[in-house]
Amino acid sequence: MRVLTFGELLLRLKTPEYLRILQSDNFEASYGGAESNVAVSLAMLRDEVSFLTKIPDNPVGLAALNEVRRYGVDTSGVVFGGSRLGIYYFEKGSNIRPTTVLYDREHSAFAEACEKDFAWDQILKDVDVFYFSGVTPAVSDSVERAVREALKYCREHSIYVVCDLNYRSKMWSTEKAQKVMGELMNWIDLCIANDEDFESALGIPAFDGDMAHGIDQIDTYREGMKEITRRYPNCKAVASVLRNMRTVEDGDWMGIYYTGGRFYESPVHTVHSLEAVGAGDAFAGALLHGIVRGFAPQKVIDFSIAASVMKLMIQHDFNVVSEAEILKIMKTNDVNLQR
Amino acid sequence: MRVLTFGELLLRLKTPEYLRILQSDNFEASYGGAESNVAVSLAMLRDEVSFLTKIPDNPVGLAALNEVRRYGVDTSGVVFGGSRLGIYYFEKGSNIRPTTVLYDREHSAFAEACEKDFAWDQILKDVDVFYFSGVTPAVSDSVERAVREALKYCREHSIYVVCDLNYRSKMWSTEKAQKVMGELMNWIDLCIANDEDFESALGIPAFDGDMAHGIDQIDTYREGMKEITRRYPNCKAVASVLRNMRTVEDGDWMGIYYTGGRFYESPVHTVHSLEAVGAGDAFAGALLHGIVRGFAPQKVIDFSIAASVMKLMIQHDFNVVSEAEILKIMKTNDVNLQR
Amino acid sequence: MRVLTFGELLLRLKTPEYLRILQSDNFEASYGGAESNVAVSLAMLRDEVSFLTKIPDNPVGLAALNEVRRYGVDTSGVVFGGSRLGIYYFEKGSNIRPTTVLYDREHSAFAEACEKDFAWDQILKDVDVFYFSGVTPAVSDSVERAVREALKYCREHSIYVVCDLNYRSKMWSTEKAQKVMGELMNWIDLCIANDEDFESALGIPAFDGDMAHGIDQIDTYREGMKEITRRYPNCKAVASVLRNMRTVEDGDWMGIYYTGGRFYESPVHTVHSLEAVGAGDAFAGALLHGIVRGFAPQKVIDFSIAASVMKLMIQHDFNVVSEAEILKIMKTNDVNLQR
Amino acid sequence: MRVLTFGELLLRLKTPEYLRILQSDNFEASYGGAESNVAVSLAMLRDEVSFLTKIPDNPVGLAALNEVRRYGVDTSGVVFGGSRLGIYYFEKGSNIRPTTVLYDREHSAFAEACEKDFAWDQILKDVDVFYFSGVTPAVSDSVERAVREALKYCREHSIYVVCDLNYRSKMWSTEKAQKVMGELMNWIDLCIANDEDFESALGIPAFDGDMAHGIDQIDTYREGMKEITRRYPNCKAVASVLRNMRTVEDGDWMGIYYTGGRFYESPVHTVHSLEAVGAGDAFAGALLHGIVRGFAPQKVIDFSIAASVMKLMIQHDFNVVSEAEILKIMKTNDVNLQR
Amino acid sequence: MRVLTFGELLLRLKTPEYLRILQSDNFEASYGGAESNVAVSLAMLRDEVSFLTKIPDNPVGLAALNEVRRYGVDTSGVVFGGSRLGIYYFEKGSNIRPTTVLYDREHSAFAEACEKDFAWDQILKDVDVFYFSGVTPAVSDSVERAVREALKYCREHSIYVVCDLNYRSKMWSTEKAQKVMGELMNWIDLCIANDEDFESALGIPAFDGDMAHGIDQIDTYREGMKEITRRYPNCKAVASVLRNMRTVEDGDWMGIYYTGGRFYESPVHTVHSLEAVGAGDAFAGALLHGIVRGFAPQKVIDFSIAASVMKLMIQHDFNVVSEAEILKIMKTNDVNLQR
Amino acid sequence: MRVLTFGELLLRLKTPEYLRILQSDNFEASYGGAESNVAVSLAMLRDEVSFLTKIPDNPVGLAALNEVRRYGVDTSGVVFGGSRLGIYYFEKGSNIRPTTVLYDREHSAFAEACEKDFAWDQILKDVDVFYFSGVTPAVSDSVERAVREALKYCREHSIYVVCDLNYRSKMWSTEKAQKVMGELMNWIDLCIANDEDFESALGIPAFDGDMAHGIDQIDTYREGMKEITRRYPNCKAVASVLRNMRTVEDGDWMGIYYTGGRFYESPVHTVHSLEAVGAGDAFAGALLHGIVRGFAPQKVIDFSIAASVMKLMIQHDFNVVSEAEILKIMKTNDVNLQR
């Protein structure tokens, strides 16, 4: 089975260690974005995966492309054009100091892509699973239209559609998000909703916004997940990560997977993270892997949350871990699991 | 209102990561010192602040000056002369391994400054608040005399004087400290006394030296604070940071502010620090900010301790954080506050 | 005398050593731009200088501002607003490999500044010399209008206007440049024209584009300089840098200064450069210094070219050298001067 | 008293921070190996110590040698020859992500050393204590034979022999280890056995392999230690480190020393480690120091475990700490000791 | 047209800057080898190219593979197995200090590969050009046999065979090289012979070993090239790089291409190199590009030598430059060309 | 034969690359000083050599000591005491930008050493050659007295004394230098005099101060060398390095050795240096090696100048090269030798 992910690829400029931008004369350069992160996860898990985006035909765009290709993702469909690659600046927080992200992604090649940049019948010809996150339609109206066309094609050709709602308040309002995502949900087969996504992207209450007590609200989460499948009958499955975060790094993590009318819940992992970026994408990538490989639902969610917490100990956006390493965490991690 | 801080500026040579000096072929160079740290805190909080020191007119001295100026501190009054900038070597500890500091500050331009280097009537003309720490008079006898003249001028011109006692056993004996600080206290309006400062700098018992149980001794702290105002009637207010430290990084932090005959106590923050240097100066800077801006006493102490614990997650000597960031910590830190 | 420079401040992202963007996972971050470079030159030479720009009120904007302030430039007039700081990526070439610069400066806070962002009567109140380069009006139409208003004010208040034509083909066409600069020349008192500037910015032939033989064309240069003063009678003086470049690093450099109807020519310096960025700005800064300090014309040009070649051995955009160091080069550089 | 340690010296290639080998374009190079680590511990504690190995006479071999010599170890007996220095690649884990070590040590100069490379009568002439770990005979059959000859010499000349069993499953099978170590134990006076060493190297049950519950199994440990002295009457003393590890970094550490028919047990240290490599060698080095200096058994074990946990906060293989620093940990570490 | 290159991929460990291995605690890690370098050149020039090797299935092997894949080379045929990746240590020289290379490549996965690891009928099915260098058969006897089988297949299927003789005295004797290469030459269509290759690999005199006077011996070179085609009638074309090297970095470079009974000679480039590794492979890669794209012979040699000297200014093994950049060097490099 | 060198060991703080101290937030830390540099040269050449100095018993002092010991110098006689290690800051120049050195060495442990710190009869017991440079007596009066006592002991015990005059204007005046060195010369057997040393240290004219024309003044040099042996009859041999320096890096280097009434002159090496620090010490070290090993005078000078120019391509203070490498330069360097 072949997966295609579609979204924006960004240059990430991170200060070394915990330096503030005001203090640093150096940036660590890496590349990422929700959908490329998912693609690399799948490539690391040795699945067949392609990544689709639009990048400028300049060294920065090519460096971004190369970084994705390096891990074995097929990038042969990537579209060239536009003038700049979007950027995000990243300051890593610690303990009570929040991590801060500063976007400089407007006017990027991807944001200025238009529908006709993507020849979906070519692109999706041999694809079995199509993945995007809520970030993609939030990028710009023209990209939103491209998503819509892709989903239409998928519906017509029975391509399985997976979407991580991934609401970003810095990119669009809840009003706009709800309007767009509400419509797109009708074409989505499996949806991932975390934390505020329920409310902000779909207007469904599930989580009150207190990151210290996510897991404690498991009942309203479960209700929200059911509500999604009720409201959007095409969406037959929902997966979520729940967290009780005590500090920027310390917290409990668990996953729930609602499918076939049943809830499958992972054990709770208590972890201290090294770099939290991309943990959600690692979850999505592992979930897709489980589905592509036909894991049983309980194994799907156990594997996905293990992959996600493993990402917390990996630097940069990509979850550079093998299947064997994730399986090992699932087995030997009894030490810090709370069951 | 305009603040002037007066003290020594040092070159800090820190080994990378946790390397020992014996292992490292590199030093991270930054600049700091109690009073420059306070000045940068105030500049970051967008207060008007000047810093006064004496530095050699060579690249190392100028680099130090530039680093303070960079953050918006007025350095136009800095005096040039002497032959060397003082240095401190710094090895960051972790857990049970103590942080070590090695001074190489003797014979510095500042230590060899004499009274007449500082034209106080010029320097203090438009100043509303004068700040120094106990490190300044400890530097040398001639600097001590300069402090004395400054305080005399402040008294005569109703400039508010704030002093962090800041006792340093590597710089002077308790006998000498008590003799000098005992006299200077008569010109000080607000004093900050932490940990051993009560006993070592003033001979007032308050803290038994057990850093694991500072907060547990809150009663004797309160008594010591009252005693300061009794013994030195000019000193109408005292502020302290109390800590229960479990390891080099882990501990509980709280602040007390005694003013107008009342105690104002902050919540207790439980934190894991990244680099503890300058947390006391961050406290002092935030305290001055609160006073300059007319915060209510409870807000003064809550803000000051929040600024101080925020510094624990910032590298180098300066507390490079904005007022908005500190206020946010005050509001959202319920997760790891023990009330 | 007080100088004000006006232009865009950019984040420069340079790969380490000679790495290509395609190879590097790190960028050295520094800040610069023609007019900020000139301002820092003047501050290093201990002249009074202010820098005016518009930057976003975010950490990247503030870091840029701090970097200029660090060297002693007055930045109190800087305007905050807009959403991004312009960027340029930089790969250092060597020998036959050209240095490459990739602009990502569209939509910057400065480019989107409008005339009313700059209250010229306030800003220029105590200013004696106004400096900008041809890059500034090339940034955007609104900035061009702001320049025009500034020049009008200068004319009315006898502020001396200096402009480095600084033509950049990546920013505007020769047609547009000639149209705009042709008009602005009527308000300029002293103009710097290098290499292709004569032709591209003013349509005056002087240099045939062969960088290996700039000095060899000294006669057409001289003719071009005269032609400038003939065509724009307000412009009484012209300065130029002439070069015979043999490789990216190796070449001969000389300066000519045409003023009072006479040519003053510097000796030829044969140099191997370390980093050629900002050499023109260093020339302009030193020229302004010479004028502000009243150097004789011959000393003006000798000092300016010495400052410029000294910059070739200094990393980053700013010419971090003192007057004493430049004077020493003028005196002791007989070894590699060809007279 | 003079100690000689004998074993392989390796180049360690560690990725920076927590990067994976797949992500990194840099390796931090250091040198180490069980027996060289012990030697450097002793040199740091100002004991007389020599290190014996065989290295290739090329820059990598010399760099390794120099690194040991740098800390004051006598390396005058080191043998030159062979063609390569063994290597181990090292990725530091964190929390639930395991640390990974990849050996590339086959065909090294040491592995290919033969008996006649080591002239034991010369080498051991003035030696009082001979130390090796189980890694040494595991390296190759020829090295095992060299160890055997050394032990024979020691027995004949009353040189005290200390061995850390140090079982490495990547180097030999339990069968082979038990066969070899079972014989060598007859010449060993003091043996260190940790964790799986009892079972894997000697076939004596003591620890069930659950690193989260090592200390909890103290009774079977004690039984195993007694059994060693019963089975190998020449071995009069056994020392062990017991651990309850909660994550890669967090755990409780204690030491037991069985000598003269009595158990001496250290307090339990609860620590968060920075880099766990070499903690066992630090324990061995400190134990040897205690023996050489004639510490009482209780002080021997208290000192050894303090040195070992101190190493957890020191980067690279060598325990670069002084005796004074270890003694200080023993005294002031009440904060995080569980008694 | 599709090219396949076949050879060993190595980890390169280079000290930073010009440090000696004895001085450095860091290695820059990159990956390369003659045939992978050629493959990356072709991918950068946007040709279709695959690379074949054998690597261990461990992180070091995968990192090497990823680095080649990153630039767009097809690596889908790479064989996994064996236990180690070969290494070479690299100290960059300067001026009179020679660059030094220390091999640690014995017992590598590739060296221990056997004939049956490579299914040539599968691998070469869609290949038009097969490339290897003399390093490949020098690696081991079993690899030599694999080369032989590949060449047999190529002959039978009219695949064009290109070989850079690339003699390495550290890998085999001239006797062995001449014996092996003498036979292989019968299957080679185009051969590259530089410097000592004529004599050492084929026993044909052409160059006397004086690197300062390579170009000066152009006549004997031409004679040697003719002699190759006489002695090995299947080899219809020969290309060579000739150099007059004055120091480690400074020299003149030119190329000659003998084909169709005629000599085509490039202009002479006078350059100062940044890092000379891989210049020969860059020459070979560009030559293949010219052939694949059907360049006229004069353009082939001009382009190849331009690509080769461009590599002298690029760090690491791969010639990360585009066709446009090489063409630009060919056109604008008149400055430092001696015609 | 055993050599002892005596002098100060300093911490060198160098900015990375060519950064100015004003620009850098990092210092590369290394250790050196004329006499330690000579000692390391000898150790690298596998001679028996000890180094004597006084350092503070703190981590900075120990790190300095370790760095010397690392290369195989015997440091067992080093005296501990005092409070600080001297420092020099170092900015590397290039082309016309001079290298700058800023001393911060006053009040160092060595400068404050007194005569009785050094028990010469113990220290010099088995020594055959005693080496110091003019820097040592310049450090302080007490150290000068220590030198005097050492020389007296050497005279009485027929220890051969070698001194590099090494005049440093930042340390003492020519008056003082001439007074002190004039006396010490009576105990010196071989003296090295370079450039201004003749005039500044001894008052003997030889070189007019024009570094661009040192070799051109070879006749006055020869005259100065003879004059030294005339004026100080105990001094039977003189060696000098002569240079024509065109830029900071480019120049011609040659050596002259006057002994037994004859001049031995090396070929002229034309070089481009990487880092010129320590080239004189490398010359001295190689000269001592030649004497210790009994090289013929012509080989002594050829070897010494080759070692010296080799050092120009080695970073840091120590000449980390082997005898074989120097001999190779002597043989193969015909390319850039002007004979």
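Which chain is which? They are A, B, C, D, E and F, in the order written, and residues in each are numbered from 1.
Going forward, a contact is a pair of C-beta atoms (placed from the backbone, for glycine too) under 8 Å apart; a residue touches a chain by one contact, two chains touch by 3 or more.
Just so we're clear, the structure is a prediction, and the values are computed from it rather than from any experiment.
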Centroid-based (C-alpha) most distant chain relative to chain E: B
Do chain C and chain F face each other with the same patch, meaning over half of the contact numbers show up on both, or with different patches? different
Turn needed to bring chain A onto chain D - CA fit, degrees, nearest 5: 120
Where are there more C-beta contacts: A-E or E-F? E-F
For chain C versus chain E, what separation do you get between their C-alpha means, in angstrom? 45
Could you tell me which residues belong to chain A and also touch two or more other chains? 20, 22, 25, 66, 71
Can you name the residues of chain B that touch chain D in the complex? 17-20, 22-23, 93-98, 211-212, 245-247
Residue numbers of chain B touching chain C in their complex, please. 66-67, 69-72
Which residues of chain D touch chain B in their complex? 71, 269, 271-274, 309-310, 312-316, 320, 328-329, 333-336
What does chain E use to touch chain D in their complex? 13, 20-22, 24-30, 58-60, 62-63, 66, 83-84, 87, 89, 91, 100, 102, 104, 106-107
